[in-house]
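Letters A, B and C mark the chains in the order given here, with residues in each chain numbered from 1 onward.
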């Protein structure tokens, strides 16, 4: 059993080791190791496109995470109060949006938005005051964020709902009996109980959005997210710069994780 | 400058005082604009109405710091791109594409963010018709000399009397053979497919590109590289699908596969042939005796290019005969510009892969415009890939 | 009381508004557009031209191989991931000292934070001519080709989605009451019997969740076959990208998308009905 676990961990980490090792490659090609150097880290860090892509990914992932946890939690709470047809309708849509492959979401959103924009843009131009440049609707931040949020919001709803299902309803009733306002009941009783699910949903949404390639590939317009940048670098003939980027993202998430762990421990020991 | 100045609107008196100081030259323009808040106002108005301030934008910080460039794999010397960045401060993001169809699909969907891209001769008239590329202002590309370019290659750049692009390189599409693995010396596309389905099974690479892959199959069957005849295309499709189990990969970035030893034969552009041959002498580039492609690639600017000034500066830089010669020395494609050819070392100028003998090229065809949009070719390629 | 009810109803509606809007604009509307497009025709230069024809659906058999590949490799990849993941999850949940549990679990998830693209790329190198085949040549086995085969794609799949499988199974095993296991062995149940009769049934929700997650993602997979299949192992996802980004046949791409969605809906609802009969199980399983 233990040996098996070691083998699986090796399987998981040998490729990562290779990625990290080649990020220190002195040569140009990702497939031949020619001495060690940190030059690719310098190249990646001084490349404004990498910085842009990173910032774009961060903005998108953060917006997606915030939007989905807010809307998902709200919807999960509301759905608790619903029964009958509306509830079934919502349940259906939640499962459908989780089930539909990302590639179809990407394509469908692209096709739909391009069609709408093609209709609206001439309209906007015709009603816009003369002499000024009319705004032009196009794919960009809004379309990626909206498309990612569809999936992650449903994920949050499912997570929070599962948590609510396992929640102690007696507490809420007790709070109501004590004439607490609904808001107070929510804030002091419900929220602390569903908080872990919201947090999990937030983190999952962020991770999903940050690493998503296929949806962004179709709907990001001229915006380049980090996965899109990496994809085009790989197609261009990969240089160790991509390995350096991958290693830095890995290091950053590890650092974040350790900080979180440290903070949690601090809090629980207090 | 105190912090308070930034936040509070400036008084009329103070404004006049600063203005006088500026006129006397005791403060710089930048300081004046900053202190009076005019700089911010100008910036705001500049973004709101770019046309009003375009003259201004040209004068200061004209090029910006980035350029998005879409091209083909293994088609540039990174050193030259780095030199452009060092000279101008413009960083280049290079995207590599494997087919003109893919570039077209991106441009049709809109919002690519590209500033410069590299289309092939047969696509230009389509791009013009679809209103996807700009007419070039040749006065902004002083290094370009129309007279120095062989009209056979540069011709497609002009559509309806307007110039839409400038030539980059020309070349041929043949195939590359690893002679250590394949000893039978294939000479034609027919040989190529025979070896693929025979001794070389499992080691051939075809392009992920309808023009060259379907074209190669058509030539092997004795038809025109450019055929859009339904019956001939059906035969070509049958040949491709029959060969599919014997392929190593379908990709236009075939150098890694050839270098790693997995691939023994591949459809190949001559420059990649030179690059491979330089590093691995057993790699031989072959112009097929039963046909193939001759082509010119161009630099063009899409309609909605966000960094127009940088785009012109970059194209001009790449048209410099010295840069062209240096590029060719690395990527192995022949310039169309006689000034650049004159600068090439004799070994390259007489290189049979870069400048093949005329009689070898007799059977080659330039790609035809209708192949780009022909629905049957597109579907044949898609079916072959998913077969 | 009725006033209270009314206020309540307003609150519920308000809480649901953003989500409903999202479903309407980002799910229902695009799906309708795709459905409409799937009955249209390809414009002369590519893209979409209006019309009503069943031609696109009639052309579906030309992508049969891609559908077959997906329908074979996606379940196979899911099963393989499960086989690799289960023992690991079992080990982590039941056999590891509490002290190391968290750190080992984190070690399973960490690879997930390196871009899937970069991780898959690493496998191109490992499986390519200069990777394992070269190593094999040292010990005298020549001519092995790994890259661009269904096997390579399967390896990439297991590697890419292993954490997604391990995690839910770990959670369900972790919740398992250890006294049950002890009771079983006290009663003379062999380890195998204990596993089959207690451990496995109780970890079912985890297995179901993990399998569903991986399966759903695999049905739309594009990257792994594109990188490790070299254009030879073609999924529906690859066919779709091809239709939109190369041959620019939007109506046919729309028809393929619609078909894929229908297949997904049928298989997943069937699967959910099979594995999760009771409602509580359903909610829990998706955690």
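By definition in this document, a contact is a pair of C-beta atoms (placed from the backbone, for glycine too) under 8 Å apart; a residue touches a chain by one contact, two chains touch by 3 or more.
Predicted, not measured: the structure shown is a model, and the values here were computed from it.
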Item to check | Label of the chain whose CA centroid is most distant from the centroid of chain C | outcome: B
Checklist outcome for this item: Of all chain pairs, the one with the most contacts is A-C
Item to check | Distance between chain centroids, defined by C-alpha means - chain B, chain C (Å) | outcome: 37
Item to check | Interchain centroid distance [CA atoms averaged], chain A/chain C, Å | outcome: 17
Next on the checklist: Rounded to a whole Å, what is the gap between the Cα centroids of chain A and chain B?
Outcome noted: 34
Next on the checklist: Residues of chain C that contact two or more other chains, please.
Outcome noted: 128, 130, 244
Checklist entry - When you check chain A against every other chain, which residues touch at least two of them? => result 31, 110
Checklist outcome for this item: Residues of chain B that touch at least two other chains are 256, 260
Checklist entry - If you look only at chain A, which of its residues touch chain C in the complex? => result 1-2, 4-5, 8-9, 11-16, 18-19, 30-31, 70-72, 74-75, 77-79, 81-82, 90, 93, 95-105, 107-113, 115, 146-147, 149-150, 153, 157-159, 161-162, 165-166, 182, 207, 211, 213-214, 218, 226-227, 230-231, 234, 238, 242-243, 245-247, 249-250, 253-254, 257
Next on the checklist: List the residues on chain C that touch chain B in their complex, please.
Outcome noted: 42, 44-47, 62-63, 65-66, 128-130, 145, 147-148, 230-232, 234, 238-239, 242-249
Checklist entry - Which residues of chain B touch chain A in the complex? => result 49-51, 65-66, 73-74, 78, 91, 93-98, 109-113, 253, 255-256, 260, 306
Checklist outcome for this item: In the complex, chain B touches chain C at residues 99, 101-102, 104-106, 108, 126, 130, 202, 208, 210, 244, 247-251, 256-257, 260-262, 373, 375, 378-379, 381-383, 385-387
Item to check | Partner chain A, residues of chain C touching it in the complex | outcome: 8, 11-13, 15-16, 18-19, 22-23, 25-31, 33-34, 37, 48, 84, 87-88, 90-92, 95, 104, 106-108, 110-119, 121-123, 125-126, 128, 130, 159, 162, 216-217, 219-220, 222-223, 227, 237, 240-241, 244, 250, 253-254, 257, 260-261, 264-265, 268, 280, 283-284, 286-287
